[in-house]
Amino acid sequence: MTARRPHVGTLVVLAVATVLTLGPVVWTLVRAVTPEGQGFSFSAFGDVFDQIDMVRLTLNSALVTGLIVLGQMFTAALAGYVFARLEFRGRGLLFGLVLATMMVPLQVTIVPVFMLIRGMGLSDTLLALILPAVPTAFGTFLMRQYFMTLPPELGEAASIDGAGPFRTFWSVYAPLAAPGLAVVGILAFNYHWNEFFRPLIFSISEENYTLPLGLVTLQGNLGSGSVSTVLAGVVLSMIPAVVVFVFGQRRLREGLTAGIGK
Amino acid sequence: MADMSRRGFLLAAGAGVAGTVAAWPRLTAADVPGRGEDALRVAIMGTAQDAEGRKTIVAEFERRFPGIKVRVQPIQAADWSQFFAKILTMVAAGTPPDVCYVATEGVQLFADRLGEPLDRFVTRDKAVMQEYFSDVHPSLVEAAMYEGSLFQTPIDFNAANVYYNAAAYRRAGLERPADDWSTDDFLAAARKVQQADRSIRPFFWTNRLWGGIVPWLYINDTSFLTESKAPGGRWMWDTFYADDPSSAQRGGGYRWLHSNAQDPRVLESFELLRQMVADGLASSPAQGGGNELVGLFSGGRIAMTPAGGFWAQGLHDGGMKPTDFDVAYFPRWRSQRHQYGAAGNMILKTSKRKDEAWEWVKFNLSQEAMQLALPKPTTTPARRSMVNAAFYAETGPQHWQVFYDTLDRFPTSGPIPAPPQQAAVETALIKNVTAAVTGDPKKALASLDRDLTTALKT
Amino acid sequence: MTTTIPASTAAPTAAAPAEPAHDRRSERLLVWLFLVPTVGGLALFTLLPIAASFVLAFFRWDIITSPEWAGLHNFGDIASDVTVRRAFLNTIGFVIVAVALQLGIALWLAILVQSRLPSWLQSVFRSAFFFPLVLSAASVSLVMAYLFNADFGLVNSILNAVGIPDVQWLSTGSGAVAVVIFVYVWQSFGFSLLLFLGGLASIPTEVYEAAELDGAKGWSRFTKITLPLISPTLLVATVMAVIAALQIFDQPWVLTRGGPGDSTRTAVMMIYQSGFQELQFGRASAIGLVLTALILAATAAQFRLSRRYVFYQ
């Protein structure tokens, strides 16, 4: 669309919305570096490290999120490809079933999943958070949509050249999967980096806490924590997510549009 | 491009596998010290630092009992009910601790289903226990009993007293409150503070089981639950507290069986707080969420708030000098009955090493271990002999005697009402208090009554 | 071989009859291998737990003592329990209001962003609106709890500055509900906005130009052209938003723990409370089942409605 002169009303609405959206974030940053009764100071950040084990929390969050992201990308690519490109008996039924599980989020089955984890001997471990989150219906759906946008002729050409199904996938489609995978990965990262409910239940020992859980404990026993310390913790935990945001935003927008925006 | 994607794919798969393998001990929590180890497991509420603080006690204990290894497991939680939820989750996960540090809030909850009665151990080690009990107020012990048996051994406690900001008092031209000040005196003081400085909240309170609405109910000689005492317990009082004047009134622990929310005096207490909130004398209590009580108090934005001995160190850390604040009794209304809560060790019924657990519990009651456990006034020691001038020299308050004298002066003071259905009862109370002081108290109390009845039924 | 491909998907061309047998075998193997992680994983971690919920819901079980058959007791119990009922009503009310706001705001802003703006401004706004999405709901709620603190929070200070007295945000039912909805929508509208931007971008400019010649402007342009053309996106955005909103937990948990009263108690919070605070696992499972049924019903209803209103190009 040609960039004609923007409407003043439009600009005002967008500006107000931007202030409302970013205001709390800016306030957080400002308060984190101006602790109560002091001028500008980074002391609150030091307090965060004194009060909670940021290194361990970050490591845990990174491990949990990282492995879920990789696991989801890997399994969703495989299953999405099969659903998009291969014919087999019961495909529609199976795909329907996969989609149906999208409507059963982990939160509502938390009790039986907890029992299952206990039965697997994984209570109070990071694997308890990772394993149930790897199989992804939504990711599979996205990857299927994505693979369907790729021209089928590519695979046929390979087939004619004598490539078997594995080769066709590996040398023709897998190399083209990156944009779709990026979307699955970014969404998984965003969700699981920030996840609160499952860690609240599954992570019992402090050693197995993830960042969001650790931050809430910064509030202190009976609310005795300092505001600036809590906010400094929030700022620190934001950093990786912001990095992913900066590099992934465009990918995500384009990928989502291709996947479900149509 | 194609090749890069594929290489990326392989790289990611490789990273996933390598990461999983390298981090396997972390993923399975095998790297957590003591995990799966054959040790006595002690759960405490707190952080790794708190566990670290007990290292000297553990070392000393292990030196004396070379056969027993102790693993202190810190459980982080925002409050006691979160802590209990975590312990229950551990039980559900099949990994319950042997010993658990539990506050009054959870004594009956645990005693009812998970706790091991300590009676046989206590009577067996009578001499050692006599020394301990002679130094500990019977009110604290009674709160640790359930249906005639002792389930917990108090190590620290906190009664809800009133902390006041000395500067705010001075500005308002107020003297230190008399020991028997009345609610009218309290209100007059709050008004003076308000007139002297509009930006100060005269009374700040938090909506919770301890130090919330309950002290106001207790001084009005009522409570939101009916209160009676279980029979039994004579074995304790006749053996260890025979000389105590209050011994005859003691029983086998408290019973909170029914709702008492419709008692007119409960309404009266709520009306008082409602009026204070409406007049801007008291804050409207928000629940959950963040508040920064220590920061607000030490920053001079609050004049009075209910708190116990645990606050001395917190205010000191918040930058207050010993003379910047002081502590007084809760005001008198129909009575001056105070509310308190105590904490100490319990042994879990599921433990396979109860005798070893008892050795640990007993050791923690010794003068020596308690000195190690409570080096600073972050709480009030259950042993009277430890509440002394030296303990509060660095932090204040000047009238530190108030902490323990509360129990002596008001021997009928009551513990936090916490029946076995504590979680549901606490939720019911907390959720209706705000409505009662900001909205229609009659309606809120009817709803409280209904919620409590439901909670106590199960 | 029966073909069960939906008509809308581009089917691979019919398998060549000359395809060698070993290829067909290895294709079957590939189907198998590729599907096992996802399908097997979903069966283990989603379908099996659902089945287990059905069983657990008929027992009384505190995990310490052995389970006790309870028949329909758990369901009767949650039907008659005012708190549970309130939690479900809250959840449903929350979903309706929050999703409507989320989608409405997102669509409005998406249209504005997509309008005649220089592209650098577009990307500034886009990034700004999307930003809250990368934060964790728990930490956002921590921040918001400070902002909305009635005594010392920034929001009331601002209101005071323009002459509005203190609002008791978190200590009155309506205030707390408003804050929870605000915090949720604040964080979620960016995702819907992202979807809408995609949908809007796929509308060819010529359509608008033609419409302009026909005199369709402003509101009529929105209802006659934009809305029908992005209705498929709207459906996806709505379904996703509803499923997510039905699970609300983090925000009310950190902000209010469900209070004051039961005003911000939600269905997932009841699962947590019953299961892990009160050790009533049968009851928690029953609540989980009811919530699942609610999600299924809501989704089915949306797809049914969509048949009438969604317009595929």
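As written, the chain order gives the labels A, B and C, with residue 1 at the start of each chain.
As a working rule, contacts are C-beta pairs under 8 Å (C-beta built on N, C-alpha and C of every residue); 3 or more make two chains touch, one makes a residue touch a chain.
Please read all numbers here as calculations on a predicted model, not as lab measurements.
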item	value
Most remote chain, CA-based centroid, reference being subunit C	B
Pair sharing more residue contacts (C-beta pairs) when A-C is set against A-B	A-C
Gap in Å, rounded to a whole number, between the CA centres of subunit B and subunit A	38
Separation of mean Cα positions, subunit C and subunit A [Å, integer]	15
Residues of subunit C touching at least two other chains	142, 146, 253-254, 276, 281
Residues of subunit A touching at least two other chains	74, 114, 201, 216, 219, 227, 230
Multi-partner residues of subunit B (at least 2 other chains)	89, 92, 289-291
Residue ranges of subunit B in contact with subunit A within the complex	1-3, 5-6, 8-9, 12-13, 15-16, 19-20, 23, 26-29, 31-32, 45, 47-48, 73-79, 86, 89-90, 92-95, 206, 208, 289-295, 299, 314, 319
Subunit C to subunit B touching residues, read off their complex	62-64, 81-83, 141-142, 145-146, 149-152, 168, 170-173, 253-262, 273, 276-281
Contacting residues of subunit A [partner subunit B, same complex]	36-37, 51-53, 59-60, 63, 66-67, 70-71, 73-74, 114, 117-118, 122-127, 130, 170-171, 174-178, 181, 201, 204-209, 214, 216-217, 219-227, 230
Touching residues (chain side subunit C, partner subunit A) in the complex	1-6, 9-13, 15, 22-23, 26-28, 30-31, 33-35, 37-42, 44-50, 52-53, 56, 105, 108-109, 112-119, 121, 124-140, 142-144, 146-147, 154, 186, 190, 194-195, 197-199, 201-202, 205, 232-233, 236, 243, 247, 249-250, 253-254, 268, 271-272, 275-276, 281, 284-285, 288-289, 291-292, 295-296, 299
Complex contacts: residues of subunit A adjacent to subunit C	1-7, 10, 13-14, 17-18, 20-22, 24-25, 27-28, 31, 74-76, 78-79, 81-82, 84-94, 97-98, 101-116, 131-132, 134-137, 140, 148, 152, 155-156, 164-166, 169, 190, 193-197, 200-201, 211-213, 215-216, 219, 227, 230-231, 233-234, 237-238, 241-242, 244-245, 249, 252-254, 256-258, 260-262
